[in-house]
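Have a look at the structure that comes next, please.
Chain lettering (A, B and C) follows the sequence in which the chains are written, and residue indices restart at 1 in each chain.
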Amino acid sequence: MKEYSLDISVTPPKEYESYFVPVPKEFLEDAYRSDDFVVFTGPQHGGSGHMRLIIRVKGDFIVEVIPDPGYVHRSMEKLAENRLYIQNIPLFERPSIIDFGNYNLGYVRAIEDALDIEVPERARYIRTILAELGRIGTHLYDAGILAVFLGHTTGFMWPFALREYIVEIFTRITGTRITGSFVVPGGVRRDVDEKTLDMIKRMLNALEFRIKKFERVFIRNPTTIARLKGVGTLTKEEAVDYGVVGPFLRACGVEYDVRVVEPYEAYDEIDWDVVIGEDGDGYTRFLVRVEEVGQSINMIRQLVDNLPEGDVLSDSIISFNRKDIRGSFFEAYADIVLPEGEYTTLTEAARGTLLYSVISDGESTVPYRVRIVTPGWMYLKGFMEACKGHRLADLQAIYGSFGYFPPEADR
Amino acid sequence: MAEASLIFILLERILSIFTDELINIPLINPAVEMLLKIPFLNVIVAFILWKPIFHVLILPGLIGMTLVLLFIIYFERKITARVQWRVGPKEVSRRTGGVIQALADGMRYLFQEVIVHRDANAFYFLQFPLISFLPVLLPLLFIPAGGTYGIRTIYTIPAALALISLIPVFIVAMGWASNSKFAYIGSVREAFMYFAYEIPFLLAVVAMIVLYQTSDPFEIVAKQWIPGAVMNPVAFLVFFITVLIATSRLPFDIPEADQEVAFGPYVEYSGIIFGLVMMLPYEKLYLLSMISVILFFGGWNGPEIAILGDLAPVIYLYIKTIVFMCVVSLARSIYARYRLDQSLRLGWGVVFSMSMIALIISVGWMAWLRL
Amino acid sequence: MVKVVKSPKDGLIRSAAGHLRAITEVAKVVVSPGTITVHYPRERRKYPENFRGMIMFDMDECISCFRCAHICPANAIQMYPDAEGRYFPGIDYAKCIFCHFCVDSCPTAALKQSKIHDVAYRDVDSMNVSPEQMNTIPEIVREDSVTVEYDFEKDIQLVRKKEFENLLVEVEKPERPEFKAVPQYGENCIGCRLCMFSCPVNAIKSKLEETKVILETDYERCTGCGICVRICPTEVLILTPIEREGDHQ
């Protein structure tokens, strides 16, 4: 197609000077001169989550996408410097609200690593059950958001109804629906009784019954496949170069899972598979997560069947009742001081690798610095690169297939 | 005295024009006859019951369409909720299950402010939603309903389709008058979708006309000893899919994609104008459903009901239209949204070839019937 | 082990079959829906006993140990003095995150959980709840006559019972021994008498013997709250558990 250039001086509209535009002015002028369109998909938009995306569009094809994250930045790392070690547990589970098992685990394992606390068997199994339930909940939530971005309203309502099953189990175990703050250094806060364990097994059967229906309506729906197949492809080398993590890296063919590389809690005592895909497009990323839900259900069944008897609180913690921290919470945790040094843990959260790093100066009851890097922040670059060359309507599909969650990435 | 008698003679002449073609409903005939004796009121009553005016104004015209609109929005929300494991709207009048929800929404729109933003072309921005009622109400003149009709011609179906195909022009114009980035993208998409569905749609209708060998709706309805959908199911399938594209329903609601272009050409409207503009796809669906019922489902055929007289065929057509609209509104809960180039490819690939197959089937039927 | 997922291949028949499967699945749901709605507020969802709702306070059990105010991650607990100089906690529900660290820290189960989760306040200032208000259920309008509980039996079941749920929960006292404050390291005492002034029940007395101040605890009065232990700059006092037979040091 031949392109003709007209010698007319084009300037960006005057409104861009009064708006706060987080891109340099040369970018806008360059775009207008070369006949591209700059679209702001801002925080208040049906299809962008809470994040601003500045899209440069040529006709219907995206040239590049510049993200403007930080709309929901809450400065968690700075807030953590003024709170006791135990008071940071409810703070650091807020980025990903259903996946609180993994977010608690990362932080608490760093403290246990510093204080050399050994966790009893039963507590490790209970923590793994919480982590896997959180993984299922997050994958269901992401499937719902993907369906909303594709316009499939039933595919949005059904996973959120299924998430209600997971949340009901959380209520029976921890007492609250989400953000349980249940994992503490040395174990968990309460014990789980037989009635709840039986209910977990029945809930898993009910979940599988309804996920089969969901599969027929949304996952194998030809419109979904048409929207996601071949869209936002990342090759293996590109994915590793851009630092993509989690199931999105595994969908490109890389076999990396923190639960296999550095096992923690009870992951090396049960039998499970790492799920990888080969194509690296949007549909494979979605299918990998669907299969992980099946794997998690399998894992929870094994954990509930083989749950060992014993205490749920370690002997290194001051507690008067080894099965319930109620009444001795203050004596156990209010004054802990970590020895000097830096303690780092890696955890496999639902959306990828989660890194915690606690630096202590050896004498205060508040940490000197806590560093948390969430998976959303790590794969943001890969997400932006995957959009290049696709149509404007594919941006939403790629967003949904990556499961980007701004509160998690912005912390 | 002469002027008074002149007026009376004029009124007599007008009354006689009306009473020539009054609609005959034995149920209310006694009341009508009593009212016809009162001097000035009888003109008004005869006017309302005159066949063309009854058809255009009451049923299936303006009042019928309003009732259907109020009902179909409520029904769509309820059926989508049922599929999605929840309960739809039920609080507005709790005892009846929330039936007047659409009326409550309409009243709320009346109280909202109509904002005309600085960049818009204010004259066209406000006028186009009102002018767009023209291509919506005009086809009602042509489409007959058994006993009543507006204008009787043998070219009804082509005339109605020609008027219906004006509606996308108004939608594109509304997006243009809004002068906003997302409205512009939405209008361009609407224009593209118009290209996608028009040819297979017309081919499916032509297939049915070839099958019946006439385009006069009275003869079409008389010839349907089995419904048209059974005679040529491929044409029915093509018609159904193109109705979905034409009225911007999922899986083809690309111009008004809420997640991509934030509602497309209608994004800048608010207040009661927004209410009017939201009704446009549903009105188009109403008209297309009527045409589909005439072509495929036997129109106003049905058993005779003595007391309703001329009203019975009208009511049969009305109820069949409502049923067809309800089935179409179920498609919203099954599908995601296609992309623009995918739907264009579908329209010119699969759906176009299916419409050619429908044409061949019709020619086959015709050859078989002639033999 | 590794499991590889494969995307399905394209094909007209495959996609037509996919369409049919989706349509029949939706048609099945239209005929027999699987509604899981709880018609709040006419029905109320029944939660288990350990549900973390609003926090109830029993003034007779409280020993004014200030543990709840110290541990709260959101700084939502404010201690209010009464006429005798004892302090009781009041919670600011605009800040509370319902983590129940305070309930877990309370040594005498004076703070306990309840199942109330849906209270609305008229303005932000009235969300600062005082200890007297925490004694009873707040004024809530209850329109429910049916409780719904989720249960799972092959598919989810909504178990509906016609009952008016009691939102208060009975809790037992936590298992912990009784503590008393003992002036163990008397040689460190510098005589600042902060312990005397801060004791809520006036259980510590000091005597001046020549140049040294000797502390004495009245073990009948001491409640083991630990404020004197925490406030002493030279760590003179420690909390010692008493044995069950009443033998204490």
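We take it that contacts are C-beta pairs under 8 Å (C-beta built on N, C-alpha and C of every residue); 3 or more make two chains touch, one makes a residue touch a chain.
This one's a predicted model, so the numbers in the text were calculated from it and none came from an experiment.
Enquirer: Among all chains, whose Cα centre is located farthest from the one for subunit B?
Expert: The most remote chain is C.
Enquirer: Which pair wins on C-beta contacts, A-B or A-C?
Expert: A-C
Enquirer: If you average the CA atoms of subunit B and of subunit C, how far apart do the two points sit, in angstrom?
Expert: Here the centre of subunit C sits 60 Å away from the centre of subunit B.
Enquirer: Taking each chain's centre as the mean of its CA atoms, how far is subunit A from subunit B in angstrom?
Expert: 47
Enquirer: Where the CA atoms of subunit A average out and where those of subunit C average out, how many Å apart are those spots?
Expert: Roughly 28 Å, centre to centre.
Enquirer: Where in subunit C do residues touch two or more other chains at once?
Expert: Residues 22, 26, 29, 34, 36.
Enquirer: Give me the residues of subunit A that touch two or more other chains.
Expert: 154, 161, 217, 221, 226
Enquirer: At which residue positions does subunit B touch at least two other chains?
Expert: In subunit B, the residues touching two or more other chains are 83, 85-86, 333-335.
Enquirer: Where on subunit C is subunit B touching in the complex?
Expert: Result: residues 12, 22-23, 26, 29-30, 33-37, 39 of subunit C touch subunit B.
Enquirer: What residues of subunit A sit close enough to touch subunit C in their complex?
Expert: 83-84, 86-91, 154, 161, 164-165, 168, 171-172, 174-176, 181, 189-190, 199, 202-203, 205-206, 209-210, 213, 216-217, 220-222, 225-226, 229, 255, 272-279, 281, 283-284, 287-288, 290-291, 295, 320-321, 324-330, 333-334
Enquirer: Provide the residue numbers of subunit C that touch subunit A in the complex, in ascending order.
Expert: Those in contact with subunit A are residues 1-8, 10, 15, 18-19, 21-22, 25-26, 29, 34, 36, 47-48, 50-52, 67, 70-74, 97-101, 103-107, 109, 113, 150-156, 173-177.
Enquirer: Can you list the subunit B residues touching subunit C in their complex?
Expert: Going through subunit B, the ones touching subunit C are 79, 82-83, 85-87, 330, 333-335, 350.
Enquirer: Note which residues of subunit B are touching subunit A in the complex, please.
Expert: Residues 80, 83-86, 181, 185, 250-251, 253-254, 257-260, 262-263, 332-342.
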